[in-house]
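Below, chain A partners chain B and then partners chain C, in two separate complexes.
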Partner chain A sequence: MSTNTTTVHYGMVIDLDKCTGCQACSVACKMENNVELGLFWLRVKRMGPIGKYPDDVEMFYFPNQCMHCAEPSCIKVCPTKATYKTEEGVVLVDANRCFGCEYCIWACPYEARSVNPKTKTVEKCILCVHKLEKNEKPACAYTCTTGCRIIGDLNDPKSEISQVLKNNEDRHFTIHSEFGNEPSLVYLLPRKGAETLCKSIGR
Partner chain B sequence: MSSITFKEDGGKIVKTNCFECHAKCGVLCEVDKDGVLVGVKGNPEDPRSEGRLCGKGLSAPKILYDPHRLNYPLRRLGERGEGKWEEISWDEALDWLVDRVQKITEEYGAEAIAYGQGTGRGTNQWTARSGNAGGRVHHSLSPGNICLVPMMVQCFLQYGMFPTFDGCDFDNADCIVFWGANSVWTEATYTSGQIGRSRDRGAKLIVIDPFFEHPLAAKADYFLGVRPGSDTYLAYAWLNVIMNEDLFDYEFTQKYTNAPMVLIEGIEAPLNEALIKEGGNEQAMLVWDKKSQSFVEIHSKDIDEDLEYRGMVKLLDGQEVPVKTVWIGLKERAAEWTPEKAEDRCWVSANKIRESARAYANAPAATINVFQGIEEQTNCKDSLQLINIIIAICGNLEKKGGNLSMPFWNQMGPLGGAEPATQKELRIIDERAPGTVYGVSNPSAAFEAMRTGKPYPLKAYIMVQGNPLSWSENTAKVKESLMCLDLLVCMDYFMSPTCELADLVLPSTHWTERDYLADEVCSEWIFGQQKAVDALYERRSDVWFYRTFGNRLNPEWWPWETDEELFDWQLEQTHAGITWPDLKEKWIHHVPQAPSREYQTNGFGTPSGRIELYSVIELIMGSKPFPEASEPKESIYATPDVAEEYPLTGITGRRYPTYYHSAYRGIPHLRELIPEPQVIFHTSIAKELGIEYGEWVWVESPTGRITMKARPSDGLDPRVCVIPHGWWQACPELGLPGYPNGMSNANTITSDKTYNDEYLTPGLRSTLCRVVKKGGE
Partner chain C sequence: MQIHWPLIISTVCQRVGLGAFIFAYVASALFGLELPMNVVAIFTLALLAIGGVASIFHLKRPQRFFNAFSNMGSHLTQEALITPFLGIALLVCVLNGLIFEVGSATIIVDTVTAVLALAFLVCTGLAYQMGSRPAWNTPFVLALFLLTALEAGGIAVLVFCFVLNITAPLLLIASVLVCTAICITTQIAYVIRMRGVGYGVAINAFDNPYRFTFVFWIISGAALPLIGIALCLVFVSSLVAICSLLFAALGIAAWTVLFFKGALKVKMFPMYSVDLNLDM
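== the complex of A and B ==
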C-alpha cells in the first residue's frame, strides 16, 4: 500500500474463481466491526447450482458488499450529506448526520446498505478504514481462507491489486456497470463453471 | 521471538493455535489489560495457514464468553435426563467418580467401562490410554470407525505412513484430486490458499463427489458425480485406463512397490522361500529377477524385478503350481472394469473416467485428498486400498506435489499405552462384521451390550467432547442404551443431548483458556498451543481431566503430576526434539521427518519395505489382500427390495464451513448464517412431490424419520439426497429452536444393520431413504 495518501484510490479485487463460500469474511467483518445480529455488511451468496446435472451445471459463490464506487449513487440522493467519500475513495456514512431516510438504500444498485434497527441509521461496509489507516488489510481480506481478496491502491500501477488486474484482464467484471457507478470492487470471473450464471449477478 | 508480546497499554498478543477443527491454525489472540480476549486473527507466521482463519476460529471470543457454556461440575439429581443438577467442586466430582469407577470395576470388571470422545483433536491417545490402563480392556467407544481410522490404517498397512490427509502437497501439485473430501471447507486455511496459487499456475482440478455444491465442483476441470459408495468401480476403471495405457510410473512401481511379488495362482497367496527351498524362510516373499533369472527375496538390492512374471513353479512337496505377479493379478482384476462397465455402476460417463484418469496419471506431480465420502461406506477398505494403489503406481508418494508422509502419525502409537492382553478376548463384535483390521469393539455392538448385558455388562461410559447422540448411527437405539447405564460422564462446552442424560457433567475449557500441544494434523510442525486467558469459572482442559482422574485411579499409567510433565513426556515419546518450556516460548518447531521421505535409501515401513499394492498384513489379519470391486452392503443394487420403498441414496454428514459437527448452532452470529437444517434433493423430485423450497418435509429410512426444510437443487443426481448432520442446539438469542429427541438428527435415519468387514464402518454416506411431503401421510 502506498503511503502517499493524497493519490491513493483504495479498491478491492475479489477473484470468484478462488472463493469457496467459506463465510470467513462475513464472520471476520462481524467480529471486527461489531455488526449487529441480523445485519450484514458483507454476505457471501451461493449462485446456483443451476442447469443439467452432472455435465451442464453452473455454480459460484458471490461475496457482496459496498462497492465503494467512484461515482456513488448513494451520495447523490443523501439529503443530509451523511454519506460521503473519502479522498482515498472509501464511501462512508456519518451516523451523526444520518436520520435513516433510506434513500441511499433505494439508490444503491448493490443491496449493500441496511438500517440498524437500534440506531435507526444506515450501515454498510467501511472497507475497515481504521485498518487501512494503519496500513493493515480489511478484516475480510486478511482472513480470507482462499486468498481471493486483494486490497490496494488502484492508482499505483505497481501495487499488487493493479498487477492482479493487469494479469487477468480477460476476467474483469464490474457489477451493473450500466449504472455508471464505477465500483472500486472489481470481480474476476470464475475461469469455469459460471459462463452464463455470472451475468445474473445483481439481477 | 517470544510467543507473547506485551503492549504498552497493559494488553498482550499471544501466539497460539486454534482448536476449532483438526487444522489447528496458528493464531494471534489479543487480550486486553483486564485479561479479556478481545480478538483473534490468523498468524501469518504459520507456514500452513499463512494468516488465514475461518469463521469458527474467528468466533473464539464469542464462544469463550457464550452465556450458555458449562462452567461448573454438575451432578445429577432426580431421574436420568430429568434436567435437575447440583453444582459440585472438582474435588468432590473426582472423588465421587473414582469411587463409582472402582465399585463398577469390582462388581463387573474393568471391561464394564467405556471411555470415549468425539473428534479428539489431540485426545485420541488419552482416550485410548484410559481404555488400556491397567492392562485390561476398558472400551474406547469413539467414532474412529467413521473418521480417520479407515483411511489412516489402510495407509499404514500399504505405505507404512499416512499421506492423504495433511500430507497433500497442494502448493506444488500439477493435478489436485478431491475424492470424497471437501477440505476447502473442513481444513480451509491450509488447503484453499495453496490450491488457488496452484490453479493460477495451471494445475488441474478433479472433484469426485456426488454433490455439485462441493465448492470446487464448478471450477474443476473434471467433476465426477459419482454414486455414493460406488468408488470401487470408478477406482478400478481408473486403474484399467492407467495400466492399459501405460500411464503408470514404471520405475517406482517396479522398485518401490510389491507389484513384482510372486503369488500362487488360485489361492493368491505369496510364494514364499520356504515353499521352494530347503530351510527357506517362510517370511521371505519372492520376486523374479530378470538379471539372475531366479526368484530372489523382495528386499534384495541390485535386481531387475519382472513386473509381468508368470510361470509354473515346482514346490518342495513335489507339487507344480502356476504363479504370477501381484501386478498381473491386479491387471486382471482391473481388466474387468472397463470405463464402460464402471459407468453403469458409478454413474460417471466412460469418457470422463478416461479423461480424468489420464489427467491424474499424466501430471508430473499429483495429489489426492481422501476423506469421509470414501470412509463412511461399508466398502471403505476396498475403495481406500484402490485409491492408495493409484497414488502409488503413478509415483506420487513422497514426491514434491504429491502425497507426503507426515511425522506425527508415525509417532503417536506409544502415547496410548500398550494394548491390553484382553483386547481380543473381551472385544464386542457380532455377526454384522468381524472387524478384521480395526481391533476394537463395534460401537453399535457395545451400545447393544449396554442394553442387553450381552456378551457381558457394559455399565459405564466416560467421555470428553463426545456426543454419541449426534455421531452414532441409529441414534434412538443409542439413547435407549445410554439410559441403561449405571454411570455416564460427559465433559463438554455445552449441555449436549448426551450431557442431558449424564450422571456427571464436567465443564471443558475452550482452546483460548487451555495449554496443550498442537501436533496432530500439523504437517511438518509442532506448536505450543498456549492459553491466551486464564480458565473461566471451574472449566478444565480435557487433558487435565484425563490426567488428574487417571492419576487418582491408576498412577502407574498416569504418573504425571502436572500437565506440563505430561506434555514433556509426549514430546519425548514423539521424538519432537523440543521440551514444553522451549516450545511454549518458540510457539513453532519443525519436527524430524519420517524415514520414508528418503525411501530410495530407507524403503517404506511395511513388511516388504515397499508400498504394498497387495496387502500382506491384511491377508494375515483374515481380510482380502487384493481390493474387491465391492458394492456397499445396503444400496439400490445390493438391497433392491429396500430401495423399492426408499429409492434415494442419502449422504449424511456434509459439512458446513461455520459449524464443527454438532457444535456452535447456539452461537448467534454463526447461526444466523445457516439458521436451519435443510435437506437437499433434486429439483425434479421436488416437482414430482409438490414440495416447495423451505417447506418442512420428512426424511425417512427403514431406521427412522427426521424433519428438515426442503432445499431443492440442480446440483445432484435425482437419485441422491444430502442430509446434513449435527442439528440439536437452540439459539435463544435469535429465537431459533433446538431439535430434541433426534428429530432433525441425520443419524436418526442411518442404519446399524451393515458394517464394513475390516473397519466396522456403517454406511452413513449411502443411506437408503425417501423424502416425504408433510401432511396427508
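== the complex of A and C ==
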C-alpha cells in the first residue's frame, strides 16, 4: 500500500468469482466499527438462483457497501457538508454536522447509507480509514476468507489493486456508472453464473 | 419509499402559500385585480411559517438546523438561504399599508417577493430530482411543484376575492380553471410515466399500495377542485371557493404521498427480473 498521501486514491476491487457469500466481511465490519445492532455498513446479497437447472442456472454473491465515489451524489445534496471526501478519496460523514435530513440516503444509488437510531445521524462504510492510516487492510478485506477483496491505491500502477485490475481488464464492472458518480469500488464479473448481467453490458 | 409526513405538510403549505402570492401578483399585473397584497402576504407568511416548523420535524437532529446553510451546491441550502430573505420580503409586504407606506416602491417590493417565492419553489422542486429515484429523475417534478402551487394559489386568490368582496374578473376564474386543468393533466402524465421509468422500477397507480392514494387524489385533487372552480364561474360563493381550496390542498397532499410512495430506488441489477436478496 502506498504511503504518499498527496496522490493516493484508495479504491477496492471485489472479485465476484471468489465471493462465497459467507458474510465474514459483514461481521468483521460490525465488530471493527462497533456498528449498531440492526445496522450494516456492508452486506453480502445474493442474485438468484434463477434459470433452469443444470445448465442455465445463474447465481452470484454481491457484497454491497459505499462505493466511495469520486463524484458522490451524497456530497452534492448534503446541505450541511457533513458528508465529505478525504484527499485520499474516502467518503466520510461528520456525525457532528449531520442533522439527519436523509437526503444523502435518497440520493445514493447504492443503498449504502442508514440512520443510526441512537446518534440520529447518517452512517456508512468508512473504508476503515483508521486502519488504512496504519497501512493495514480494512476489516472486511483482512477477514475475507477467499481474498476476493483487494484494497489499495488506484493511482499507483505498481499497487496490487492496479495489477489485479490490469490483469482482469475484461471483467471490470462498476455499478450504475451512467450516473457519473465514478465509484472507486470496482467489481470483477463472475466468469460463470452471471450470463444475463454480462450480456446486458456487452461482455 | 417511506412517507415523510413533515415534508408533505411543509411542501403543501409552501405551495399553497407561495402559489397564492405569485398568482395574486400575476393577476394584479394581467387583470388589474386590486387585491390587498398585505392580506395575501399574511396568508403566505402564516403558511410558510407552518411549513418551516413542519420541515424542522423532519430532521433527526433539529437543533443543528443552522448547519443547513453550508453547501451552496445543494438545493436544500439554496432553499434555506432564500427563506430569511423571503420572510423579510413578505413581512415588508404585510406591514406596507399597516405600519408604513412604501408608496410607489410597492411594485418593487411585490416583484422581489414574487421572484423570491418562485425561486424558493424552484429550489424545492429541484431538490427532489435525483438519478437514484427513477420516478423523480424528470423535469416533471419541478413542473409539478410549480403547477400545483399555481393551482392552489389561483383558488386561494378566488377565496380572497369572494371573502373580501372584490369583483373577480371572469377571465381570472377561467385562468384558475385552465391552471388547474393543466396541473391535473401533468399529474396524470407523471402517473403514466411511473409505469415504466427504467432501472426495474414500474409503478401502476391502480395497484396496491398506491391505489387508495391515487383514487383519493382523483376525487380530492382533481374532480372536486375542478367542480368547485366551475361553480365559481356561475355564482359567487365564498364557501364553494374555500371548499375548493381545502380540497386542492388535500389533493396536493395525496399527490405528494403518491410521489413519495413511488420513489423507489434503482435496482442494482435491473437486467434481472428478480432483485438481490439476503435470504442466505
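Things worth noting here:
Heads up, the rule we're going with is that the second predicted complex is superposed on the first by the 196 of 203 C-alpha atoms of A that agree within 3 Å, B and C clash if a C-alpha of one lies under 4 Å from a C-alpha of the other, contacts with A are read in each partner's own complex, and residues count from 1 in each chain.
The working rule: a residue touches a chain if its C-beta (ideal position, glycine included) is under 8 Å from a C-beta of that chain, and two chains touch if they have at least 3 such contacts.
This one's a predicted model, so the numbers in the text were calculated from it and none came from an experiment.
Using the contact criterion defined above for the overlaid structures, shared-chain residue A:D156 touches neither chain B nor chain C, since it reaches no partner.
Touch criterion met: A:H176 reaches chain C, while chain B stays clear of it. Using the contact criterion defined above for the overlaid structures, shared-chain residue A:G147 touches chain B, although it does not reach chain C. In the overlay built on the shared chain, the residue A:G21 is in contact with chain B and with chain C.
Shared-chain residue A:M59: touches chain B; no touch with chain C. In the superposed model, A:K30 lies in contact with chain B only, and not with chain C.
Of the two partner chains placed by the overlay, chain B and chain C both lie in contact with A:I50.
Residues 21, 23, 46, 48, 50, 58 of chain A contact both chain B in one complex and chain C in the other. Residues 15, 17-18, 20-24, 26-28, 30-32, 37-38, 46, 48-55, 57-61, 139, 142-148, 190-194 of chain A are the ones that touch chain B when the two sit in their complex. Residues of chain B touching chain A in their complex: 39, 41-42, 51-55, 58-59, 61-62, 184-185, 188-189, 192-193, 195-197, 199, 212-213, 215-221, 223-225, 348-349, 352, 657-658, 668-670, 672-673, 682, 713-718, 733-734.
Those residues of chain C that touch chain A in the shared complex are 1, 4, 58-62, 64-65, 67-71, 73-77, 80, 127, 130-133, 263, 265-266, 268-269, 271-274, 276-280.
Across the interface of their complex, chain C is touched by residues 21, 23, 43-48, 50, 58, 62, 64, 73, 76-82, 97-103, 106-111, 115, 120-121, 175-176, 179, 196-197, 199-200 of chain A.
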